[in-house]
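Read the structure below first, then the notes.
Labels run A, B, C and D following the written order; every chain starts at residue 1.
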Amino acid sequence: MRVLQLTDDYGIDKLQLVEQDRPKPGHGEILIALKHASLNYRDLATISGFMGKLPAPFIPLSDAAGEVVEVGEGVTRFKAGDKVCPGFFPTWLSGPPTQAVLSRALGGSLNGVACEYICLPQTGASLVPKNLSLAEASTLPCAGLTAWRALVVEGDIKAGDTVLVQGTGGVSIFALQFAKAAGARVIATSSSDEKLEQARKLGADETINYKSTPKWGKEARRLTGGLGVDHVVEVGGAGTLEESLQATRVNGHIAMIGILSGLSSNLSMAAVFSNNLRIKGISVGSIAQFEEMSRAIEANDLHPVIDCHFPFEKTGDALAHMQAGKHLGKVVIDIA
Amino acid sequence: MRVLQLTDDYGIDKLQLVEQDRPKPGHGEILIALKHASLNYRDLATISGFMGKLPAPFIPLSDAAGEVVEVGEGVTRFKAGDKVCPGFFPTWLSGPPTQAVLSRALGGSLNGVACEYICLPQTGASLVPKNLSLAEASTLPCAGLTAWRALVVEGDIKAGDTVLVQGTGGVSIFALQFAKAAGARVIATSSSDEKLEQARKLGADETINYKSTPKWGKEARRLTGGLGVDHVVEVGGAGTLEESLQATRVNGHIAMIGILSGLSSNLSMAAVFSNNLRIKGISVGSIAQFEEMSRAIEANDLHPVIDCHFPFEKTGDALAHMQAGKHLGKVVIDIA
Amino acid sequence: MRVLQLTDDYGIDKLQLVEQDRPKPGHGEILIALKHASLNYRDLATISGFMGKLPAPFIPLSDAAGEVVEVGEGVTRFKAGDKVCPGFFPTWLSGPPTQAVLSRALGGSLNGVACEYICLPQTGASLVPKNLSLAEASTLPCAGLTAWRALVVEGDIKAGDTVLVQGTGGVSIFALQFAKAAGARVIATSSSDEKLEQARKLGADETINYKSTPKWGKEARRLTGGLGVDHVVEVGGAGTLEESLQATRVNGHIAMIGILSGLSSNLSMAAVFSNNLRIKGISVGSIAQFEEMSRAIEANDLHPVIDCHFPFEKTGDALAHMQAGKHLGKVVIDIA
Amino acid sequence: MRVLQLTDDYGIDKLQLVEQDRPKPGHGEILIALKHASLNYRDLATISGFMGKLPAPFIPLSDAAGEVVEVGEGVTRFKAGDKVCPGFFPTWLSGPPTQAVLSRALGGSLNGVACEYICLPQTGASLVPKNLSLAEASTLPCAGLTAWRALVVEGDIKAGDTVLVQGTGGVSIFALQFAKAAGARVIATSSSDEKLEQARKLGADETINYKSTPKWGKEARRLTGGLGVDHVVEVGGAGTLEESLQATRVNGHIAMIGILSGLSSNLSMAAVFSNNLRIKGISVGSIAQFEEMSRAIEANDLHPVIDCHFPFEKTGDALAHMQAGKHLGKVVIDIA
């Protein structure tokens, strides 16, 4: 099988497409033939060597979808032919996160999905939503589930809430879609009027160009009649937190997401304190939460927004495309 | 002003339309000119004398909408011209219910809204949703808020959940609408195929005629792939609980509602125990919850379903119409 | 190894002590040398054949503690010498219960712990609290964890709450201890003044003899100044629910527990509705919840109350002792 | 009556003791004869003019206890002779905070309790716990309730959790006491070994001198076996947040408290994100939460720790004493 890997150095240009033996599923394991993968900013960070020590050789990427082609002894949860997504954290089955489950991530501490076949414990994968193609489903494990957990699991979003999403990357677009499905209002920000127009087409109720309105936190508050938004899906990190604090209502919720925002930010503790804000760090979610998200995707016939496809051997170009920030929604790799 | 009241006996035919002085708002109070009221089964029970001792003379009905026409000293929350609904429990402002707040209900232990003017503390009323007429808004205080609290406040409904609503009365239709706004699936039951057709038009995904399918609990479970529904809005009481227990998934939620289901029911404790079910008694909600509901109604442009209007002096006929069970949605009284 | 089993008939007197081969741990499994088991009413029901079809031959009992003596390939969670309890539901690791995890119970749909050695997946067992003997620890998996989940996980008990516990069986005594550790007040009921005296020694603040005070629900309410109790740990089933409904405060919580209360009860829906009560079925808990409970047991140096010990070969006598209802706390079997 | 006030300038030395008329309770109001007040750091900030524009003349202090001496028309909640505490936010009755209720605080936007008599709406005060003296009770409205809300309301503390409290000021000592009452473990920090010794006497399980161990976050983690603490009661602000982030477990909770930490802090977003931390701003709590706290204080016979008493006319000295940081627990003013 074909595998994309890094061996002894980091960087997009160091990715090598090599041939390896197809793995065999052990006891309780399934073998998945991966059809599509999708990219996250985290993959850029990992491939660039910003994430510290990794397995060597290292297979990147976390998000994919494929078909079960073989099951090991004792497997009851899946059968050959089932369409599945690997779990981002394959040992996080349900309940709150623990250090143990967060320490085992595909395309991170574990090898990832940039390969034609992968073996996983049967408990570490989920059926894809019935209404999605495998290309669409490949966008769910990290980006989709992060947005779901931020708003639904940790945010307890309800109809009538207002959600602010930053930019038009993968997580933000999913957050927009899940928020609208839940009956909420959405305010989207971007530096591009064209992208804001697309966000409106996807359901955004209000938009703010943060280039022309750098004090977008105040503007968001104005758009809620002075009350402030209920939820901010904070993906920008150091450069945006200050405005997010301005935008958020008393007792409101800021979901802090994003592997690239590793640098420190200036936190106005007065705002957190006096407005009784809640800031919650979010990294993806559990297998059980994936399955809840799938039910919502099916019930509302939601479809992930795909920016473009690249063939497997052009994965480096796909990463460069994402890095350039021109995309809206997800960049998909066609593995097979 | 005109007032509808009972003096020394109970029964629809004992309602008298009398003339009284218009009240004056005291310190912190507002005077509301009521325009429309709407009916609930509870009003039948109250007027028929099933609810025990009431104020005498007694003014029935709890749900209405009108316009603030005068404010007392110290009022800051409203001004003349504001369109408002009285709160069902006017002293339940926020937080969980207490014995104290539940003991003070309009058209129950307190005089109600079957009158042209009412004085209330400013904290005991809410602005109506901007997208609604006053007739539509008059259906919210009991029926709308009960459905909202059942699904959103106590049920933590999320997109992809399945909700079972029983029949096509006021609370059930609101539950259907709120569930769809929240991205959930809805299974509606009725004894009338025609009403089920109307429920489908309002968004129900599945319907069950409980006359032709008396084991509708099992059928509801089948319609969820054997899993069971996440929420039952239980309005039927003694006659339906058994099937509701059958319909509900492991760890699922039965919202127990309804003033007429005062008789005992046979509770299969084995089902509650082995499926880890949650049964929660619900009686309406707080002013803060009303305001959350209003935001959801505005954000999703929801409109209450009105069955028909009756003039104030025909309130007795309106009650008889509801008692006959022919309605779908709410019966509205035009007060002024 | 010695194994206690039923082969083709039900009843305490049909239990046979037989010799079997010691199992070998497979991939990801641990082999536990069981030292003590403890009894629950559920075991009486199972052995008597009230629980429907079971594995044949059937090894009863769910609660035990022992020592890991061998680990299979791939085991990282335990090592030889670790002191552990098998999980009652060995596949319920974390999060809310599902039909799948509830359908796999030791000494129920799965063979149990009435044997000298058992193999389990490494994820299906937990370290015992450091402050307990193995005999004490053997009482935790069902009785301890049920009380913990009822009050802490589902009940969100907080300091100052009032908890009513019924009788002095295993779950009730654990509930008393956990409630006191959480800073709550406890009202205990029993038909025996002697047992009530013992309950006081364990920390009960108030006691009610339900023989001399059959309307104990009203009395419990009186003892809370008319407010009602926050939590009832309802183990009695059909015979007690009525009084529990009387005892519980507005918005209060009744944890419905108990495998023997399989018969129906009369449920006063008026009480559930008008007091906004919550009734929650509880069956044991997850591995993660067991570990939280263990931390609480260690932090507060709690010790399970053991009524008496029986040798393994006298398990039938132990069951008869429990059936006679003379015990206070847990009946322990010394396996090895 | 005697009143302590600022007129046209800020500073401890600008406080004037003046004579004013005793107020009269209006409709729905109670008149309280205040007996004791207690000090918070916030009072230093307010009196020093750091809190922006205040009422002029301005009566400082928020925490007090006294006796109802007269009730206005329509008062049902209290009678003369009742012992009560004014609510810090007198219009925050129950439920989550809103901008409206947070904008009305005693000794802040409203005049405070540094006076012999105060009139409040009957809904804006609570009975004091029965087991406390009025001096003890005077410490509850801000300091006690902040600690309660941080750990119990927002933190859902449970037995076996580990709580880190910083220093030995009023909130921290209350947090220590409430955590122990809830069955949790406590780690206390201080720069004084003597104060740490006193913290141990109050129940602290572990102590860290942050002068000799400046990396106390790592040390706290070590004391939990590497897991991290469940809750940090963060009162230090800018200078301590970094270590608090190090101390807190995956999915753990940092309660951000404190009016003096108004300056910005460096927030390591990587830590918040990768450990899925929750940071929650807390400012005091509601009347309903005060009453829950009182039940806990009574049930566990907790007594606030009083550092010392000052007479009313020496309030300036008392403030200076607190500012010097020599106290452990609360500084009380004897008003009458």
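In this section, a contact is a pair of C-beta atoms (placed from the backbone, for glycine too) under 8 Å apart; a residue touches a chain by one contact, two chains touch by 3 or more.
For clarity, every value in this text was computed on a predicted model and none was experimentally measured.
Chain pair with the larger contact count among C-D and A-C is C-D, by C-beta pairs in contact.
Averaging C-alpha coordinates per chain places the centre of chain A 41 Å away from that of chain C. Within chain D, the positions touching two or more other chains are listed as 96.
Judged by the touch criterion defined above, the protein chains are all mutually in contact, each touching every other.
Residues of chain C touching chain B in their complex: 96-99, 102, 227, 237-238, 241, 249-251, 256-259, 261-283. Chain B makes touch with chain D in their complex at residues 26-28, 93-96, 286, 288. The part of chain D that touches chain C in the complex is made up of residues 152, 156-161, 178, 181-185, 205, 292-300.
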